[in-house]
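The same chain A turns up in both complexes below, where it pairs with chain B and then with chain C.
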Partner chain A sequence: MMLPVQAPGVFTGGANVIAVLILLAEFGMFRQALLRDQVRLYMAQSALISVLAVIVAAARHIPDLYVLAAVSAALKVVTIPLLLRRLLKETDPAGAPAGGADIAGSGGLGLASTILLAIVVAAFGFFSASRLGIRAVAAPITALSVSVSVVLVAFVLMIHRRDVASQAIGLFSLENGISLAALVVAASLPLILEVALLFDLLLAVVVFGLLIRQHHGRARSMSTADLTRLRG
Partner chain B sequence: MSVIAALLLIIPFAAALAASAAPARAAQAISAVAGLASFGLVLALIPDASGRGATYFGFVRVDALSVVFLLATSFLYAAVAVYSIGYLRNGRDQEAFFTGYVRRFCLGLNLFAWSMLAAPLMSNLALLWVAVEVTTVISALLVAIEGTDHAAEAAWKYILIASAGLSLALLGTIFMYYAGAQVLGQHYSMAFAPLLHAAGHLPVTPVRMAFVLAVLGFGTKVGLFPVHTWLPDAHSEAPTPVSALLSGSLLAVSFYAILRYYQVAVGALGPRFPRDVLLVFGVASLLLAALYLLDQRDYKRLLAYSSVEHMGILAIGVSFGAPVALAGVLLHVLAHAAAKGNAFMGSGVLLRKFGSKEISAVRGGLDLLPWSGPLFLAAILALCAMPPFGIFRSEFEIVTGGLAASRNLPAVILVVGVTVAFLGLALAANRMLLTPARQVNPVRQADLARQAAPAHLTRGEPSAWMVVPLAVGLVALLVLGLHPPGELTGLLARAVAQLGSPA
Partner chain C sequence: MSAALPIPVIQLFQVLTIALAAPGISGVIAKVEARLQGRRGPRVLQPYYDLAKLFRKEALAPEGASWVFLAAPLAAFTCYLTVPLLIPVLTTYGLPLGYMGDILGGGFILSLASFLVAVAALETSSPYAQLGASRAKTFAAITEPVVLFVVFTVGLITGTDLPYALAATVRSSAGQIIRPAHVLAAAALFMVILYETGRIPVETHTGTNEFGMIEEARPFEHSGPYFALLRWGSAAKQLILYTILINVFVAPWGLAASAQAGAVLLAIVALLAKACVLGVVVATIDNSFAKLRLFKITEFASAAFLLAVLGVFTLYLGGG
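For the complex of A and B:
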């Protein structure tokens, strides 16, 4: 039996568009050859999350979400990219432009096959999440399905990449996917907890930065090629 | 009790700050005092820790189950802090470098212990997740602290895999919030007690999702197969006191997080589904680890795989569900902390003595190490679940519970897996400790001579500070195995009641 198709309202449509843009940003990370550009894409993706938070706050009258959007933007659009850029500048080869180092190597699968794989897992995530029977409270339920896709694609990205910096950025973008899911199903999560989660992310970024710097100091590159000695 | 809980959150943190600015000796002394004080505080919590739990300051919650895990963590914290005095004294020469290293080490050690003590104290599932994530980032820095290539590799694998796993646990946390908000309203704060109270009315699918994601996510930190891959690397490359804490406390604290989700899941879904999930992960972990134990060349990796084995046993024990099995599981948490802590601390003495982590480089341990040799051997036997040690009692209870719950096949698998693991551990220990030193292959001995190690190879202990915690750990294992004190059995019984029946 066919159900009559209803045109989505402005809020639903807008929220869905932003969710899809977040997924596209995740896919975009695959094609970036420069770490600098990947950081830029992460910034854009984080900014989209904040925009979505503002939209949900306005449409659903959850004033806490304005604060969350502001804190999230301050951390994920400003502070974390700043830290990452400084790290990239420090670890750049002499003479190269800031963050201009190529992403070293790639996985066993070629880029095209990896993207195909990412599309498959994204579709899997999208359709399986929509079958969960979860009634969204704040944002449209499609956004939840998209967020599951973002998480799965981020996993593919982290597996595909063979350098420590873009593996870390892949992990942070995975966290963006979870933020998207949280906006849909847990929009009213108390602000204090959301902020605790964000500062936890900041702590993780700092520690990732320390370890990346240590790795670069020893290996003189970002590549994970020599991180394969421990076995058994 | 609120004062004790507050002090548990303040003392290790203050010790970390103080140690980061103190001279080397003072930093070590501060850590040791903080560890012993924490253990004393947790002991004081035991009599009042009830099954219903009590909440303080809005975000701290103490109940019988959390005190069991606090006990394991604080015991190892104290033991390891004292042990580090000896471990760090022998390691380095240059004074200025040594002071900096000790400060960083003590800062990290105390913060690590602080985060592990904080996790079971959180009254709120989101804060529990935050605390577990904090344990990850701090311990990753501690794994990397030696600055070698291998340490850097292990730390990177650890933080990347564990953080990715914990992201899944965060997703599970969000689904659990959604489930709770359906019943408790949109301004529900994720506090654990009301969630458990309402468990019977929660929507089924989100809880099921949340439970599986939590088992997979926190299971990454527990070291459950197939997401255990960071564990042997991190345990073997970390400084030995940190390895002991990682294995004895960190894995248990992450398991505690799973148990909290298990409680809610049993209330919402009935016991069948959560137990089956844990059974699958537990059996896979136990079997894989038992096989890996048979063929290890590095004795710290050997102990790391033994941790995977024991975490598998914990998961299987919970999946049996019978009260006697649950009592065994909680006793196992304590006994494993003492035994694995002892085994790692003993391995640290071997490392200082022989200068190598290779099993083949260590011979005649019992002759050369008059005290820690036998103590290490006792720890290995305890890990193999030999009587009269605590793990024998706990595994016996788990198997009894499995048979009582008519879970015959898993109980048989458990016994077989433990026996295979016994074989692997006993063979390695035999080679390292009982083979006389003079039977070392001459070629191998020449190798050792070139590594400038022979000066150490006279009979004697590297440091008394490294022996005392081992002796105390052995006493604890004997007490747990022969006659657990009444206070403790009371605590375990209250915690079992919590796990067995949703409030």
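For the complex of A and C:
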């Protein structure tokens, strides 16, 4: 007879559920057809990171994490989406509400095939991370495996989508995966370092926003297909 | 203290509860859906009146259809009434016939019923019935892996594949409810149920648009009592699937722990109340989303597959 897998307990289970939801948000980005929805999903994913930070802070008594959760929420849930929308106002089609730029159908593969591919990549991330034997400090170790999957799936998103907006947001959500990993292995990292990293992200957002605007201004589309013509 | 019921009677009650309440649950969903759309909607008891009317009508079979066409609705209905013997409908403890089959066994019986209806649809040589049957089988092949992964999750969590064991595990502690594998498997199963019961985003349940039909198109050529049996059968299948989701995965509370008549009666009321709540959720989804295009249904299935696979992954990592 097979032995049942023991339940991990309420804190670990809850933290893992949130980690898995972060991964599912990453998968959800494959489906979004509008820039606005993509940004919203990124907001939701970032909000989940903050929620997880608060849970870990409360359960493990690490007060620094409350501050980190607040700063991260202020930056990733409020500032970055606002900034992106402001920067990408020019890409809105005439008459459509803000963020209505169509980024659908930019994938190289069908959606169902991409999801299957991403599942394989995520499985690789899951199991390779669990082989590393890293000891978790604060959050459950499964969350580390999930974070590696988030990073890898974000890579798939960036490779798969042929529009600049998804590629940029794929990169930002990749940073979310790294934040998740940081929560697991280095929850007690000095706060100043974490905040510095977050402001690095802000810089990346501004640079990417300007690049997208530039690209859209020249090519009149979000697609990177036109860039191939630049080759020698 | 109320009198204890004999075990075979409880077993009979499981079947009767499903068979008699199923059209009512469909009626509740139709009513709620209509109210959400600002219509008055049909009476809750309307499905019963429909069945009674159909049972009084004469039955016709298309020319050239063999006995399979007429036998299939009866056989399918029998299958649907067999499954409630295997799953925890009213009791927390396994009834004697409950160990005839595990989760896979119940799944096989449900697929057998769906296969028989598809064969009957092929007998008719009517294009729409065949279209519906062929689509139903195609998409069933895609949702099948999801069901398998849900069963794997149950197997890994409990060490068995008996639905009673999972229900008992879920009741045992809060840690069991919040573990990611359980949440993901329940969500995946819910998506499969939306597909199997022909709800939005897969299919419009009440529409008359033949091209979008899957499940609903199959009994096009049946009439009279045979059509009534098919309608009743699909309502029973819906309640069976709801019961599996509710009493095995999401909320296995309110089941009778003894054979007392009062406890069993309470369990019937609790099951129907929980099924109505689930029905309201389904009706809300019906009203909040658009139907997917036929070729987008694979995307819906791949999302359910993703949930189920992640559930098994987290279990293997030891954190599920």
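Everything that follows uses one rule, which is that the second predicted complex is superposed on the first by the 219 of 232 C-alpha atoms of A that agree within 3 Å, B and C clash if a C-alpha of one lies under 4 Å from a C-alpha of the other, contacts with A are read in each partner's own complex, and residues count from 1 in each chain.
Please note the rule applied: a residue touches a chain if its C-beta (ideal position, glycine included) is under 8 Å from a C-beta of that chain, and two chains touch if they have at least 3 such contacts.
Only a predicted model underlies this, so the values are computations on that prediction, with no experimental measurement involved.
Novice: Could you look at A:V54 and tell me whether it touches chain B, chain C, both or neither (first, second, both, neither)?
Specialist: A:V54 contacts neither chain B nor chain C.
Novice: Could you tell me if A:I134 is touching chain B, chain C, both of them or neither one (first, second, both, neither)?
Specialist: First partner only, chain B.
Novice: Which of the two partners, first being chain B and second being chain C, lies in contact with A:A182: first, second, both, or neither?
Specialist: Touch status of A:A182: first partner only.
Novice: With the two structures laid over each other on chain A, which partner does A:Q214 touch: chain B (first), chain C (second), both, or neither?
Specialist: Once the two structures are laid over each other on A, A:Q214 reaches chain B alone.
Novice: State whether A:T12 touches chain B only (first), chain C only (second), both chains, or neither.
Specialist: second
Novice: By the touch definition at the top of the document, which applies to A:L83: first (chain B), second (chain C), both, or neither?
Specialist: neither
Novice: Using the superposition on chain A as set up above, list the residues of chain A that contact both chain B and chain C.
Specialist: Shared contact residues on chain A: none.
Novice: Flag every residue of chain C that touches chain A in the complex, lowest number first.
Specialist: 155-160, 169, 173-176, 178-181, 183-184, 298-299, 301-303, 305-307, 309-310, 313-320
Novice: Which residues of chain B touch chain A once you look at their complex with the stated criterion?
Specialist: Residues 124, 126-127, 129-130, 133-134, 136-138, 140-141, 144, 147, 149-150, 152-157, 159-160, 163-164, 167, 170-171, 174-175, 177-178, 181, 186-187, 189-190, 205-206, 209, 232-233, 236-237, 292, 295-298, 301.
Novice: Please name which positions on chain A make contact with chain C in the complex.
Specialist: Residues 1-5, 7-10, 12-14, 16-17, 19-20, 23-24, 27, 31, 111-112, 115-116, 119, 122-123, 126-127, 130, 140-143, 145-146.
Novice: Spell out the part of chain A that touches chain B in their complex, as residue ranges.
Specialist: 132-134, 137, 151, 155, 158, 164, 167-168, 171, 174-175, 178, 181-182, 185-186, 188-190, 193, 196-197, 200, 203-204, 207-208, 210-211, 214-215, 218-219, 224, 226-230, 232
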